[in-house]
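Below, chain A partners chain B and then partners chain C, in two separate complexes.
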Partner chain A sequence: MKTPKIASIALAAMSVVGGLSAPAIAQAAVKGHYGGTLRMVASAAAGTLDPQINYTLRFWQILPMFYDGLVGFEKAGGKAAFKIVPDLATSMPKITNSGKTYIFTLRKDIKFSNGQPVTVQAVRHSFVRLFKVLNPNVGTWYDVIAGGRHCVKSPSTCTLPGVAIDPKTNTVTFHLRHPDAEFLDQLAVPFGSILPANTPDKDMGTVYIPGTGAYMVKKYEPSTEMVMVRNPYFRQWSKLAQPKGYPNKIVYRFGLTPNAQVTAVENNQYDWMYNPIPLDRLQQIAAQYKSRLEIHPLLAFWYAPMNTRMKPFNNLDARLAVSYAINRADLVKLFGGPALATPTCQILPPGMAGYKPYCLFTKNPGTKWTAPDMAKAMMYMKKSGMAGQKVTIITQNADPNHAVGIYLQSVLDKLGFNAKVKGISSNLQFTYIQNSNNHVQISVTVWYQDYPAPSDFLKVLFGCTSFHPGSDNSINISAFCNDKIQKQMDAAEILSIKHPKQADKMWTKIDQQITDLAPAAPLFNPKHVDFVSARLHHFVFSGQTYFVPDLAWVH
Partner chain B sequence: MASEIGAAISDQDYARVLDAWTAPELPASAAQGYWHAALAKVRRNRAAMVAVVALFLFLTSCVMAPLYAHLVAHINPFKSNLDGTVLIGGKQVPVMQSASNGLGVTPVGPTWRFGPYMLGADGQGRDVAARLLYGGRVSLLVGAASTVICLSFAVLLGIAAGFYGGIINRVISVMLDILWAFPIYLLAISLSIILINSGIRIGPLVVHSDDLILPIAIIGIIYVPYVARPIRAQVMTLRRSDFVMASICLGASDLRILRREILPNVASTLIVFTPIMMALNIITEASLSFLGIGVQPPSASWGTIIRDGEHLLYTRPLVSIAPGLAIVITVVALNILGDALRDALDPRAKLTLH
Partner chain C sequence: MSLGFTIVKRLAHMVFVMFGISVLVFLIFFATPGADPAARIAGRNASPQTVALIRKEFGLDKPLPVQYLRMMDRLVIRRDLTSYVNLGEKVVPTIFRAAPVTLSLVFGAAVIWIVFSILVGVLAAAFKDRTLDRLLMILSLIGISIPVFWLGEVVNLVSQGLLHNTWLFSWVPPLGYVPLHRDPALWFKSLVLPWFTLALAFIGIYGRVLRANIVEAMQEDYIRLARAKGLPEAQVLIRHALRCSMIAIFTLFGLDFGALVGGGALLTEVVFGLPGVGYLTYQALTNLDLPMIMATVTYASFFVVSANAMVDILYSVFDPRVRND
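Our next item is the complex of A and B:
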């Protein structure tokens, strides 16, 4: 929505400075501005470059520039960003056998950045490699492929019979164990990247694996910088999935603190910064450079999971007391103000399929949170009989997560608990709170969508199958399991393959049911702020990967 | 040898001879005069007296923190107050002020009145002045208690190694060398990460992860080699001195020699070390707390308050500056006092901490 405005400002400026004629301006608007070097900056690199291993937003933002899957998310802003389009496949797959067979036809004459042709053998090898390199999600996503379970148990002997290829017809056929409405989403993320057939079955770390994208990595030094240049073998086959890209070169520097990043972007030394703007700089930046700020809502929510199998939150009334007592407007203040976050009472974020505004934990329950209901909270607290119970809130040791924990401590103390906050390293906290051996009672965390599906919030975070006792990889942090709701979620998933609208209605109901049982206290939906240089135009924000660097114009 | 002398003279005579040989070179009145003279010298040192006054004022203010919080600030400095208001210029103003465009929230600044929010609010809407006083209690307590632990262990180990020598000296020296070999902050951070995440459970003894004893013990222990080694060296010299040799020759017990000959001579070193170590410990506590591995919430210390203000440096720098200044003043005062004590007690001493 902001793009046309920025484009018009840019064109006006070009006309003043360069004296361009009206047709020339119109032509530039259509063609965009090719060339130049885009300079990005972040506090640190995000580890391995291997697209089948890296699971960080920081690199999921850039990996789609280097790699393609059979399908991909459209590189665009707005709702189009969640649309899956054919990428290395000529068209969307033919789905047969009641949703258990997917047949893709591979495009011809596409080459990797080392000149090797893309073949069906490479496709098959890529999916076998997913298991061999121990991709973090093989056990939850890709084991749906026939033979996948064996591959999870024994990666070294993985042959993955569920991926069949036919070089003559250039087709790849996936046989699934059961229908999976999210299989295409899972193929569209960077894990589904197609790599050369001779790629070693190990984490390639800082070594760039040749890809099919518009750009390739020329240099990657995690402590200093990554340099990306155009892929000489690239030809644009799908503008939606893999556009040619505007900048000729992209440099991503690492090692600047967020405050230093703000100053550097302010002075146009860099064009875009990865880290959020520190809150104490936000007001100044917003006042001075409003036109250079981009604010976008995210499909995400901050929440406080409560362990439904441990005292005191194994008691529904205790959980309801906490949910009613939280002043979500206060939390919005901690996050930077109403322009950066919106209070929420439910699991699904606005914009997600199946989302219907619903708020129980407020004064005057309805569709919107207005104020905490302390009277009701105290009533539930009394009913629970949990007053005086010791509660430890596990947070990250960095703000805003820690600040939210400190606030929750005040709320819990007010309710009559004896609460304390324990902040642990930001790198460890997310896995620590998942492991039931750590006996975490309540914590603070945030969940961003992997792909735009309601099950990615409801089933992943509150499904019985997501709870794995004693494991660091047990994303159902509340250890919540309700058989009735689980059956509904399974049914909704299957229904969404053929009747997505009906399935969305089911998800709406499930969202409300889980919310009412309060396995977690939803806090707020965050928004994302990007600060860009004066020379950066055509800022495109994809809800899937956020800022799309290759679509930016640098003057 | 003692038994031979003992056989020749009576016990009372033996004690008299021993006292005559091993008593300090100065008579009792002169020894008393030594301490009086040292105290008088400290009193004459203007800088030292200013330091003492500053420390006294800090200590008194911090002790009265609850009174300030209840009677002046009217606030619980450990609870979030994000939706609170404060009276400024006759108007009720929100403690957390949102920008008109909704981008950014700034805590109320200092009112500079002896009342609520005299030094402004922090990111949770808490009164900075009240937290500063409460934080001071914790910082000074951690500084003092860890100094006691450090000096106690240092004296014990330094005297044992220096006096007995041999295998005891070698074992203790190796232990101290190992501890010394670690970069001090790396050691403190490692211990803090392990202990503050899990606490300690040794049989019936349970120390919770948020207990103040943990930072006190960690800080106390890491500096032991820095004091124990100079004490060991001093005791080794004393051990070879004439008056100690005389005591040994006269058959005095180790305990008596340690109590009458060694400890009094080490006391001045310890007194000089006390303010210096306390200053160092206060800085270490602040550093660890700033990193989130020292004093744990809901407690506050000057280090944690600096950390609270880290994200407000551009808009409300006083949140960090105030505890920073408190640390600077306290540490400078303690160092001045340490220097003055050193000059007064032993003008020839050259104590250095590396």
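Our next item is the complex of A and C:
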């Protein structure tokens, strides 16, 4: 998932806090923490409230409080956050037919926030609706359901025979066209939310659709605020998937600049801020309010995609020269130091399934990046014959992205390219660099996971199927396509259904193969910083959705 | 030429200018690479088929003139145009909800800058070429030169940050807007600092213009007459020189006020977290939200152009010579 950049941060030395920050306390004491109003703030709202359409981290963070899927990610810190648990389904599905059939039994007696019961009809309607409202990923994820391809082509006549229901046994059966290892992940994200059977088949925009979650939306005005209150029909059926939630009310205010947000949280006028802390404020905040900062690693990486179909980076040696020459320690400094980023020279981030430390582009190749190897870089450069070529690096016009670009310019110049940096609006850059019509040679960008699967990095970013010439929607920015690797990725996906451990080993190999071909220069893995008010306790950080608002104590 | 004709001419002029501005904004948007609304609405990693369907559903596959007409129809006539970013958010009601915030900000600031600029202008003119005059003019120049967004950030840094917990600024509420009808006292408190921040540059400009006008007026024959009649100097200054010098100020005021109400107070609104029209414009520009951009630009140009027209019409009411131009 692509989200707005993490701000460049300048922290000298700060220890990394992992998992839960709150002490384990007795159950009785926990009860006292129910109640109060949690106040959150962000610079702007993040678009539609429709869980089947919204594809932003900002709202994926709150949508799980309003909606449930058949399964969901566990609401917890640490590794548990990536675990998929039954939610509206009574248990994990029975998978048969060599991974092509999933059978779920729906829980009984659960109601939507308007009092309607959750039925198998509602489940079926929700999946058909995904196609009818043109969910961003129907053509890339959900078309695996039998009949899905037809629905993508012609949503108005979509019947989706691949979702069969039986009201008598309260079961829902999914028939897939082929086995799909990530199908459960895709059901667990907010797109898989179950909505009432009479929900209109159009984007509901700012109108709240009744959900099954612990909270409901009382008011949503994108230019001012969102007010969330308890859902009167909610009763806790799974503490892991949909806990009761501590605050009685959550107010999300939109419209303060990141700087103003920092000051407001500092003054305890708000409990948590969404936007990254601006560089010039972080040092002060770190010095004054160390105990109110939370730092957590992310499944993400900063990288410089190189266009493998355009001069000079259609030449493997030229790409290798760049990969060897980059001093990743300098980039880590630009991002705020070792507390906030770690150098990397591979695609998969630490913590991801299939991740095995691997670093080729360093002095003394092995598992860890130590220093750039300029001799090797110059050797490849000479071999490429690309010296003197003009290269334009496309960056965002704001730091740290721009600063990284300026640094890359110095590296490219040192290698013998004739490099310049073109910074464009942060809101345009990400779509601009995807479109092959814009002839981007090299750029700087970040990728955050959608769900914890290696294919979300390897296949999405470097698969032949995610390259679409002439489109702003072509996430394979390097335009990299290698048939041999593509076949391995397809095979690994299928293998992971029955033999996830073996598949992970395959992904490790694929990671190394793609890294060796250098369609992109991996730079570093960032960490996430949260700043909270003095009264906020029990801060839970899920690697999947980041800060979990409903588990915070403000009472 | 009759007054009625002048008015009709001005109105036609106004419509033409607004049309030109909206066409220009529309074309610039579509000429921007990476701004394809269909790709943005469809979301990251959407398949080409989904993007194509979205393009069709939103009418983005139609020729540009058709798209323009459809958008203007929904914006001006049907008024049900919705945002491309916050899908489902109707832009016209959103602007109307934001207008009171901008009006509160601009009215308050206007009162402050008029009062203070008269004070500055009169005092400087009265003490012409003396220390007070020099001091006021230097201060005015500083006021004009300080960028409003910087001043706003510094005001926030001091009032919300460094000195927030002292007696000086502990009364300052959190950034944001409180509607007048909900809590008049809080409304006032939350707007005092934004008012002064926005007004400062105008106090500087108006003060300097007023001083120059008064100094010029003091050379006129009617002032000599007033003095000859034996009127006290203060009365000459206030009753005669100031009154005539105010005409230029009100012309300026009409234009500035129109521009600010139309969204020109954008930076002040953003810095102080006031969800007014300027803030909406800022958000729309940063998110490339075409319908909202079109709506705020049309709204802004309406105020600017109508303030211009108003000033012109008033001129022709008072000065028949203008009508013949």
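Before moving on, here are some points about what is shown:
The rule we apply is simple: the second predicted complex is superposed on the first by the 522 of 555 C-alpha atoms of A that agree within 3 Å, B and C clash if a C-alpha of one lies under 4 Å from a C-alpha of the other, contacts with A are read in each partner's own complex, and residues count from 1 in each chain.
The working rule: a residue touches a chain if its C-beta (ideal position, glycine included) is under 8 Å from a C-beta of that chain, and two chains touch if they have at least 3 such contacts.
What you see is a predicted model; the values in this text were computed from it and never measured.
Applying the stated clash criterion after superposition on chain A shows that chain B and chain C can sit side by side. Greater residue coverage of chain A by touch, when chain B is weighed against chain C, goes to C. In the superposed model, A:P350 makes contact with neither chain B nor chain C. In the superposed model, A:D330 makes contact with chain B only, not with chain C.
With both structures placed on the common chain, the touch criterion links A:P297 to neither chain B nor chain C.
By the touch criterion defined above, A:S223 reaches chain C but does not reach chain B.
Once the two complexes are overlaid on the shared chain, A:I424 sits against chain B and chain C alike.
When the two structures are aligned on the shared chain, A:A44 is found in touch with chain C, with no touch to chain B. In the overlay built on the shared chain, the residue A:P365 is in contact with neither chain B nor chain C. Touch criterion not met for A:G78: it reaches neither chain B nor chain C.
By the touch criterion defined above, A:T206 reaches chain C but does not reach chain B. Between chain B and chain C, the minimal CA-CA distance in the chain A superposition rounds to 5 Å. Residue overlap on chain A between the chain B contacts of one complex and the chain C contacts of the other covers 424-425.
By the touch criterion stated above, chain A contacts chain C in their complex at residues 1-2, 44-45, 47-50, 53, 55, 134-140, 143, 152-153, 155, 203-207, 221-224, 253-257, 259-260, 263-264, 266-267, 269-270, 424-425, 427-429, 431-432, 435, 437-438, 460, 466, 468, 471-473, 475. Across the complex, chain C meets chain A through its residues 32-36, 39-40, 42-51, 53-54, 57, 82-83, 85-89, 94, 97-98, 153, 156-157, 160-161, 164, 174-176, 270-275, 279-280, 283, 286-288.
Those residues of chain B whose C-beta lies close enough to touch chain A in the complex are 79-80, 82-83, 96, 98-99, 101-106, 123-124, 193, 197, 209-210, 292, 296-298, 311-316.
Chain A meets chain B in the complex at residues 278-284, 286-287, 290, 293, 295, 327, 329-330, 333-334, 336-340, 397-399, 402-403, 406-407, 409-410, 413-414, 420-425, 529.
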